[in-house]
Amino acid sequence: MRAFWKYLLLILMTLVILGGLIPPIVAYPKNFFEFPLIPGLEDKARIIFFHVPTAWLTVLAYLIAMFYGIRYLKKKNIYDDMKSVSAAALGLVFCILATVTGSVWAKFTWGSFWHWDPRETSIFILLLIYGAYFALRSALDSEEKRARLSAIYSIIAFLTTPFFIFIMPRLMIGLHPGSLEIDPATGQIRASANPVIKFQMAANMRVVFFLSLTAFTILYFWFWNLTHRILKLEYNSQKEI
Amino acid sequence: MNNIQLIVKNLKKTFNRRLVFDKLSFEVRAGERLVITGKNGSGKSTLIKILAGVMNESSGSFEYIFDSGKIDREDIYKIIGLVSPYLVLYDEFSAFENLKLFAKIRNLKIDDDKINQILEKAGLFNRRNDLVRTYSSGMKQRVKYASAILHDPLVLLLDEPTSNLDIEGKDFVDELVQNFRKDGIVVVATNETQDFKYGQRIINLDDYKNNQSK
Amino acid sequence: MNPFYDFLEQNSLYIVMIIVLLVWFGIFAFTFNLEKRVKKLEEKLNQ
Amino acid sequence: MKRAYYIFYKDFSSELRMRFALNALIMFVIVAVSTILFSLANEKVNQNVYAGMFWVVVFFSAMSGLSRTFVSEEERGTTLILSLIANPISIFIGKFLFNLVLLFFINTIIAFLYMILFQDFSIQNWDSFLLAFILGNIGIAGSSTIIAAIISKANVKGTLYPVLAFPVLLPLILMLIEITKSAMEGNPISDVEAELMVLISYDIIMITASVLVFDIIWRD
């Protein structure tokens, strides 16, 4: 049964790589395998299949880490803390990946590596939260205290995320799809008309995109499963003191 | 008539992976005096802290029952008084100020005369306005006794009650335990055999170390 | 020359694709193997 | 509530007695403001920079001063006696009140220094600035009190404090900077209504959550 997921992942991810990179981009797609041209993006539009899933996993990992943190607080089972910390460790990896991939892409599309666009700010904050989470863990020497306080911190830090996800993008000007921009004629803030920001995926792109999300999510759970099992092994092998 | 009861069921405490004690069960009824003993590091202080509600147990339960109603974890501090060597008072205040602050924070209706009375009993009256910082360790121990009985608690938890005390101080503790309310509970954690006289019953924590149930 | 080779030479994106695929297969094989070893250890420790 | 007040009173009179902590904090503020004064001396900078600079100094003074409430209890070992005389909720509220008063005191000094030292730091719309100042102080005091409680249990307290507090305080500080900018430009208060609502909800959420989780942090 477990093997099924792995083979599914192998096939899905291969399909995503093929589906994301093979289809030619043409101005007026006629065939189902052609992607529409977005002025100013061209081939660079393909980032969506690989960048967005990493950002999604960053958030998912945080939620899982917090979920198991709360479960630890309720049940005081140290294995829950291991699940929590391995979810967060992977979250940190994907957070770095999302930041770096986005930043490299931004250099060639928007002109510089960093713009303080609301979403860039959000991912940066998440990076800081993950960093603070691990800094806190390393400063606590008792296992129970570490589990308890890092769970609490993840909850406290989570409370600020709605401000970044829902409020900031609505109050500030951004470059990501769905953001606001300043109308050059009137100077008023409005929903954007820029092709990059108004970006709407064609149906065939959407299929690949969701396949990609699924594949990355399975990949994440597989890694997570492995890391917390290794932590558990490590813990149990030391138990015979 | 007050009827306080302490029920401990299957209490277990571990620090990280080290087992402190396991399957600890006992009951103490109003008027009883209990002595807890055990080697150094056997968890006497840990047990006292758990019973005082300031440390969490790993599993099992303990509860104070008062007139057949269970006392909330939040409210345990209202009915216990604790004295121990690791208890540290605010040393930038005098003994009198310490007690007065405690009374205020506890929301007690106690006037200055009552505090002076308690300080006099503890033999600190002459130096009541000196900062605690300038006290000797025995005098600090006496202030702790004063602060433990300030709110007239139902349960007295004493960890190494006679440490740092001179003969006079030990007499004071003897008197205090003897005169402690007859409907209350006293739990004494100690290694000194001379302190065993405080209790009718002795629990040795070394008997609760077995790990065999694994 | 080989028409397939020419095609690749003109469309560098497909070279990228082949590299990405190879990297992915590598990561997959490695993780697959890792899981096997973890499983073995778990069985050993649970005896 | 009365208990919380007396815990506040205890901290307050203890702070008055050992005044060196407060003195150090005031000196910190003066040093921080003069550093900014030196670095901006004779430079013509955008007025907006001052709004940001103001809250940066507020943040760092908060970070250097507000952890004391819990850290000093933990370092002196008085945590035990405190938990023997009061329940966690009153302890948290007492400490929160203490931090709030300290923060108001320090921030008033900072604001005062800014007003007299920087000509460009002139508030046109006092209503919105004062509202932001009050709501901001409540929010900063709330978040930093709960984080102070967390780090008081850790090994490296001083450096960890800003690291943990920054991501939590950032949304608040961004909003405060926006409102201050608008207040300096003299825009009407209705322009920053949304930001003020965010501040209010931040304060409510943070303080409620802190009260709920404090018990878990407090008990060993």
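When the chains are written out, they are named A, B, C and D in that same order, and each has its own residue count from 1.
As a convention for this text, contacts are C-beta pairs under 8 Å (C-beta built on N, C-alpha and C of every residue); 3 or more make two chains touch, one makes a residue touch a chain.
Just so it is clear, the structure is predicted and the values come from calculations on it, not from any experiment.
J.: Between A-D and A-C, which chain pair is linked by the larger number of C-beta contacts?
T.: So, comparing the two chain pairs, more contacts are at A-D.
J.: Where the centre of all protein Cα atoms falls, which chain's Cα centre is nearest to that point?
T.: D
J.: Mind checking the centre-to-centre distance between chain C and chain D? Centres are C-alpha means, answer in whole Å.
T.: Computed value for the inter-centroid distance: 52 Å.
J.: Using Cα averages as centroids, what's the distance between chain A and chain D in whole Å?
T.: Distance between chain centres, rounded to whole Å: 32 Å.
J.: Whole-Å distance, chain A centre to chain C centre, using C-alpha means?
T.: 22
J.: Using CA atom averages as chain centres, what separation in Å is found between chain B and chain D?
T.: Centre-to-centre distance between chain B and chain D: 38 Å.
J.: Which residues belonging to chain D are in contact with no fewer than two other chains?
T.: Expected reply: 220.
J.: Which of the chains touch, listed as pairs?
T.: A-B, A-C, A-D, B-D
J.: Quick check on the complex: what are the chain D residues that touch chain A?
T.: Interface residues on chain D, with respect to chain A: 143, 146-147, 150-151, 153-156, 160, 163-164, 166-168, 170-171, 174, 178, 194-195, 198, 202, 205-206, 209-210, 213, 216-217, 220.
J.: Hey, which residues of chain A end up touching chain C in the complex?
T.: 6, 9-10, 13-14, 17-18, 21-22, 43, 222-223, 226, 229-230, 233, 236-237
J.: Any idea which chain B residues touch chain D in the complex?
T.: Within the complex, chain B contacts chain D at residues 49, 52-56, 74-75, 77, 80, 82, 86-93, 101-102, 104-107, 147.
J.: Quick check: in the complex, which residue numbers of chain B touch chain A?
T.: Touching chain A: residues 15-18, 58-59 of chain B.
J.: Mind listing the chain D positions that touch chain B in their complex?
T.: Touch residues, chain D against chain B: 2-3, 6-7, 9-10, 13-14, 17-18, 76-78, 80-81, 83-90, 219-220.
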